[in-house]
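Below you'll find a set of structures to go through.
What follows is subunit A paired twice: with subunit B in the first complex and subunit C in the second.
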Partner chain A sequence: MTPTTFETEQTYGLRKSLSRAIPYILLTISILPIIIGYAWIFIATFSVRTEGLIPKDAHGNIGGLTLQNWSFLHNPEVWNATLNSFGIAVGMVVGVGFLSSLTGYALARMNFAGRKGFLGTTLLLHAFRPEMLLIAIFQVLLFIGGIPLIGDWVGFNTVGGVALVMITLDLPLGVWLMKGFFDNLSWDMERAALIDGASRFRVWWEIILPQIKPGLAALSIFTFITGWNAYLIPFTFTIGSKVANLPVLLNRFSGDTSLGSWNEVAALGLFQLVPILVFFIFTQEALLNIYGGGSKGGA
Partner chain B sequence: MSFTKSPEDNNPVKIPGQTVNFIIAIVGGLLGIVAFFLPWIGFSSGGGLLGSLSGLKIGAGPVVALSKGAVIFRGTPTSYLVPIAGMVTLLVVFLAYRRKIIVEKDGFWLIALGALPLLVLLGQFGEAQRDAAKVGVDIHYLSGLIATFLALLLIILSGTLTTAALARQKPSFRNTLGAYGFMSPTSLLVIIFFLIPVVLLFILSLTNLSSANFGDPWTFIGLGNYRRMFSDKFFPKILRNTVFYVVMTLAFFNVGLALALALLTSHINRRSSFFFRLIWLLPRITPSVVYIVMWKRFTQVPPYGIINQFLGWAGIQHQPYWLNETPWLFVILVNGFVGASFGMIIFTSAIEAIPKDFIIAAKVDGASSWQIIKDITLPLLRWPLLFVTTYQTLSLLVSFEYILLLTEGGPGLFTTEVWSLTAYKRALFTYFGSNQWAYGAAWGFVLVVIGAILSFIYLRVFRFDDLVQEPKIDVL
Partner chain C sequence: MSKRNILIVLFVGILLALIAACSSATPEVITIVETKEVEVIKTVEVEKEVKVYETVEVEKEVKVYETVEVEKEGSVQEVKLVARCKASPPYENGRCDNLVKAVGAVNAELAANGDNRRVALEAIQDDASWGDYKTEFELASDAGEAPDIIVSGHEHIGDWATAGFLYDITNEVGKYPEFADVIDSLWTATKLNGSIWGVPQDAEARPMYYSKPLLRQLGWSDEDINNLSDRVASGDFTFQDMLDTAAEAVAKGVVEPGDGWWHRPSNGPDFLYYYYGAGGEVVDPNGSNALVFDKTAALKVYSMLYDAAQVRDIIRPNKLDGDWDFHKEYTSKFDKVLFVFEGTWRWASWHTNYLQDVGGEDYLWENVGFAPIPANEEGTDAPITLTHPLVYMISSQSKNPDLALLLISKATTKELNTDYAVASGHLGVLKSQADYPPYKTAKFLSATLPLLQYTTFLPNSPYWSSYSEAYYLGIQAVESGDLTPEEAVDVVVDQLQNELGDNIIIQ
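The block that comes next holds the complex of A and B.
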């Protein structure tokens, strides 16, 4: 490309590379708080104490790297919370994946009375934010908790109840995503199978589901992260440490811990971050797609 | 309820086994009615236990409580639900017989008639046992309860049999039934945890329910909670906070910074732009509690705080606890860093969708980067901009998780308290010794109405109904 101004080649080149550099500089500045936040978590986890970002040992000198902050791994309460977190996350992956691919299939491929109404409701709920409903869901869960047998599993103050509420609140998104995947699927195989006399359920299970594995995987990553990170709903619908999940435990722990020993808080935080970072490193492309196109209200 | 029309719908068929199904329904219906009167003829009913204390507790028959020798009768809403179900069941069967045909509706009606009271009854069961234990009321409830359960189960059974028989007979109905099978688990959950809570939230907001009078019958006080809300001393402050929070976060982060990030990343090479966008996604996928721990650490007093450490290096002596010093700054920063990524991703894909010809043509004409952005990119981003703005307005208005974790509405009185947080705290935190569910519900319901209206409008504006296309596979 030839210069259009009367500058010399050299100054033009300089100016151009400078203007090329500006976006990089601005973007690097913008991500600094995120980087620093994460840096603190890592530094604090492995040091006796931190002042700002600087690790210090007991005498106030720089250094003092240690693994003692991980002693919480001996605490059964932490493992119980981990199990609860994992239960909620896996419950969400299975529940949302299964239910929304069932419903998404019906909406994409079947013609039945009330289909338009179901689709409209899905869309409306998809745009709607359910946080305020927690007040009423509280009463619903209390009610369910009174039912014999069922109540012990999915009532108020149970992991099952928390998972069920979280599954339901994510269903409109899941159904909408799944319907999109089914819509883009060729239907020749399915049609052939139906003509050969296979039932709808068998077609769905044996022919359709294997074809949308990538979509299901993306939805699973999204729901796992949602379930693993969940704070508000577990916090609202559980009491006591038996049913607390990791975020609830961490929040209580950070409130009880003096500022000087927040290194243990950081360690527990990093412990909770592990699965998230694994997803972050290995499924980057999928993550950006999910939170852009697939996220709530994504056009 | 109307189903997919097909020719054979006009030629009703006589279903084999129909009579048996209906006999089962008739027995169930009669039993349902009898169960209601059991208490009067010497048997105690489920309702006696169920309603022992609270008038609104729901039972099978009218409440019969033997308390210190005295017999108390008290009717409850669902105590009437069971006999009504019984009577309607008989009516359905009678009509179906008169018509000499059987239609889809009959089966569904019967199932619903049995299932609804059964669901309510089950819900009250455990609570009633606790109530009875609490007051030491001695009731033998089994006879009534068994009769009621049996009645409802029979009605459901008959409906299921009728529906199944019909499905065997008619292919078009089988298809519809199959689709409902696929839809029903999701629908059930959505009804229990979405639709019922919306209605319940409104009903709650008209009562005076709190943890102080929990267990008593609900007392309806009309619009009292709403009047109390609007005359609250802090109402103007909370309203101002909400508007301030939404507008500032939107303008500076969720739309402003998001747009800036999208424009900047689209002007650098692909690999690094991917990297920057990925880093910006981190706050969104970081567990909220861990994310808040990081931010609290930023703002701490010396020697712990990271900001203060930087200030120290810069030689600035003013090193307060920044979260208390400038709470709003951090509330907006914390939410903004999470919110910006959504707009960034949407805008980036919109910018990438702009035909390259436009940009090349402009460059050939000698336009600068800024001119290209101003005259080509931004006008073409009009719809994504509107989309992100409306969508994020809605979510900022209703979500409060990060504020709850960061400041809990403080420091001090209502400094960073927004509308949604007020609703949540009033209902589910202990205020003046009690959870004021009803009052919180009033605050919350206003937001639900606003949210429903906004999401409806925005579906209309963005023509989401166009997406509701016909299914590819019809009936073969």
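The block that comes next holds the complex of A and C.
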């Protein structure tokens, strides 16, 4: 092996490494502002104040690290709002997941009158912005609120009512997403089960659903995040702090006429982010399966 | 351990560490005084006179002492009230906090009167925007879930009383001695169609603040500066003089172009006193419910503002950008803007939030003067200001309006209201506060109290919101240069007629 050849291979290797590295470098540069933003949030939550990314004390000297910004954890309102956010998000995951998978299955596998029209209408519903529907939704919630027993749980100014509205608004996306997954499944196992005498519901529950776990996981993540970060609907249809969720509380922290304690707001924002990250960690494997080759028995 | 588990453990660890660490932080301690009635079984000695007949020769009187059990009072019934307040923390927190503090006095009075009800108050207080706050009350009222008490601007009586959201307290006010102490003129702001719909909670004036250092740079002597307030009050220094002085400051480079005079950066009650000062009326003198729009007065206002923003560089053409944070900080030191139209409450906000490192309130006293809004010599030619009292209102859905009003009465005392007034820079609402030492010794409140003699109010009308929006549209249009003053008047008239129909009288 001559030195020249060795040098050529080395250069080739270097060039290859460089060409591999370039996308990462570009990616890093492009997301740097976001990373700096998150870094600032993290540092700010533990600082009296910050100048850029440098924590400073009240006299402007470097330092001033504190946990005071997290003192809102003593505030029962925060925990109540966390519980409400959790209620809305979990309600959405269960409601949207259950209804979308049932509807998606029916639309993908069954032939019934009005199927096409239903699909088209569903898509049309998704085109409406929630802002356009606020007054109509308010009237519906008032009506539901007047129904004995049910009204106390899913009427105006209840977590159930907010969850119900959020589920309704998210259903079109869920139904179409689920229908897409069902369309990609093979008929073979399903036919075999039906021939063996299984009911439609049993087929759906025992044969089909296990095959679309990645789809359910994806839908769960999207709906959980939507429910957890919901602002407009909870803000409009709840009163006071008892039924407020975290984003509504976060908005109140910043105030209209008063100076916001931005470091405290950042801490509450970070606090709000933690469950999303935990939820993502638990579901990421299932989620990534969507991009990694689909599900077993797929067409 | 997998990467996932490590992350989970890490997050849980951080969360637990934060909770543990925060246990050493000092939370705010709020002491709430409440009077509780405790059930007791008491053993008492009763002196009883008994006639005893004996077969004796002499009838004698005997005192018999018996031990009896006193029947205890009927069980106490807890009544929950909800109060909703908007406040800029910390100085305006008294709006709801005073109600909380009054609960003890309410329960004591109920106990003294033998009433077995006891009030438990849930106070919901935050700093939501006024628009959101109003919408929330309206939606809640529609849904039958309105709070018992709401604190808001008196002008909402027009909308809310008309919509049936409020409880008419006309016949109740006289039953509570505390309300006799409320300054008589403030009741005007709580009336609609002859009925009283609220109790004044605070009052304020909206003065013209001026920068002493900048006037000095302009060549004014200390005597001139000290006399300015009196000159404005006497009508000697007019609105036109103020604009001329501001223009001179811009021309001489004492202030940057656009920084000669500033008003608020968004719509609000202030703009109405420009119109009043120009000779305009809003309420129909013939007593109809329709509102009046005086084209001549409006044209004077729009021309003056157009001139200030578009011709003379006195105020920035984009001043109505809605940026309150910038507005408050930029005006706080009075080293950049010569004249500022603001509220008396801003005094506390400036020195608390922006001037702590330069001397706080002392800095303001040294560098800032205030006076009523100068007279418009082309209009009424009299100095003016505007008071916009916030009022406690009771929802028509309240199941216990008597208790809500009793609670409001116990919060309407000179002690509680003075605490609030001193902290927030608002003026007192009670006659007795004028002689109450803690109020009298509050330098700023005493100094601004005379401004009330120049005061005016917003109308209580269900049409006020539409009127205000239309009038403000004209102000925005002329300041930004989008319309000439004449065009603005035409546009505003069109909008008012479209929105209000027969309920607007164009003069």
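To be clear about the criterion, the second predicted complex is superposed on the first by the 226 of 299 C-alpha atoms of A that agree within 3 Å, B and C clash if a C-alpha of one lies under 4 Å from a C-alpha of the other, contacts with A are read in each partner's own complex, and residues count from 1 in each chain.
The definition used in the following text is that a contact is a pair of C-beta atoms (placed from the backbone, for glycine too) under 8 Å apart; a residue touches a chain by one contact, two chains touch by 3 or more.
Just so you know, these numbers come straight off a predicted model, no measurement behind them.
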{"item": "Touched partner set for A:42, first subunit B, second subunit C, both or neither", "value": "neither"}
{"item": "Touched partner set for A:240, first subunit B, second subunit C, both or neither", "value": "second"}
{"item": "Which superposed partner A:156 touches (first subunit B, second subunit C, both, neither)", "value": "second"}
{"item": "Which partner reaches more residues of subunit A (counting touched residues only), subunit B or subunit C", "value": "B"}
{"item": "Subunit B versus subunit C as contact partner of A:74, first or second or both or neither", "value": "second"}
{"item": "First (subunit B), second (subunit C), both or neither touched by A:278", "value": "second"}
{"item": "Subunit B versus subunit C as contact partner of A:225, first or second or both or neither", "value": "first"}
{"item": "First (subunit B), second (subunit C), both or neither touched by A:194", "value": "first"}
{"item": "Subunit B versus subunit C as contact partner of A:145, first or second or both or neither", "value": "both"}
{"item": "Residues of subunit A contacting subunit B in one complex and subunit C in the other", "value": "138, 145, 236, 251, 259, 284"}
{"item": "Residue numbers on subunit B that touch subunit A, as the complex places them", "value": "1-4, 122-128, 175-176, 178-183, 185-187, 189-190, 192-194, 196-198, 200-201, 204, 257, 260-261, 264-265, 267-268, 272, 274, 276-291, 293-298, 300-306, 308-310, 312, 333, 337, 341-342, 345-346, 348-349, 366, 369, 384, 387, 391, 394-395, 397-401, 404-405, 420, 423-424, 427-428, 437, 440-441, 444-445, 447-448, 451-452, 455-456, 458-459, 462, 464-465, 467-476"}
{"item": "Of all residues in subunit C, those that touch subunit A in their complex", "value": "4, 7-8, 11, 15, 18-19, 21-22, 24-25, 27, 82, 84, 86, 88-89, 124, 126-130, 132, 135-136, 139-140, 142-145, 147, 324-325, 353"}
{"item": "Sites on subunit A touched by subunit B in the complex", "value": "4, 19-20, 23-24, 26-27, 30-31, 33-38, 40-41, 44, 50-54, 99-100, 102-103, 105-116, 118-121, 123-125, 127-140, 143-148, 150-151, 164-165, 167-169, 171-172, 175, 183, 187, 190-191, 194-195, 199-201, 204, 225, 228-229, 231-232, 236, 246-248, 250-251, 254, 259-260, 262, 265-266, 269, 272-273, 276, 279-280, 284, 287-288, 291-293, 295-299"}
{"item": "Of all residues in subunit A, those that touch subunit C in their complex", "value": "67-68, 70-71, 73-75, 138, 141-142, 145, 155-157, 235-237, 239-241, 251-252, 255-259, 274, 277-278, 281-282, 284"}
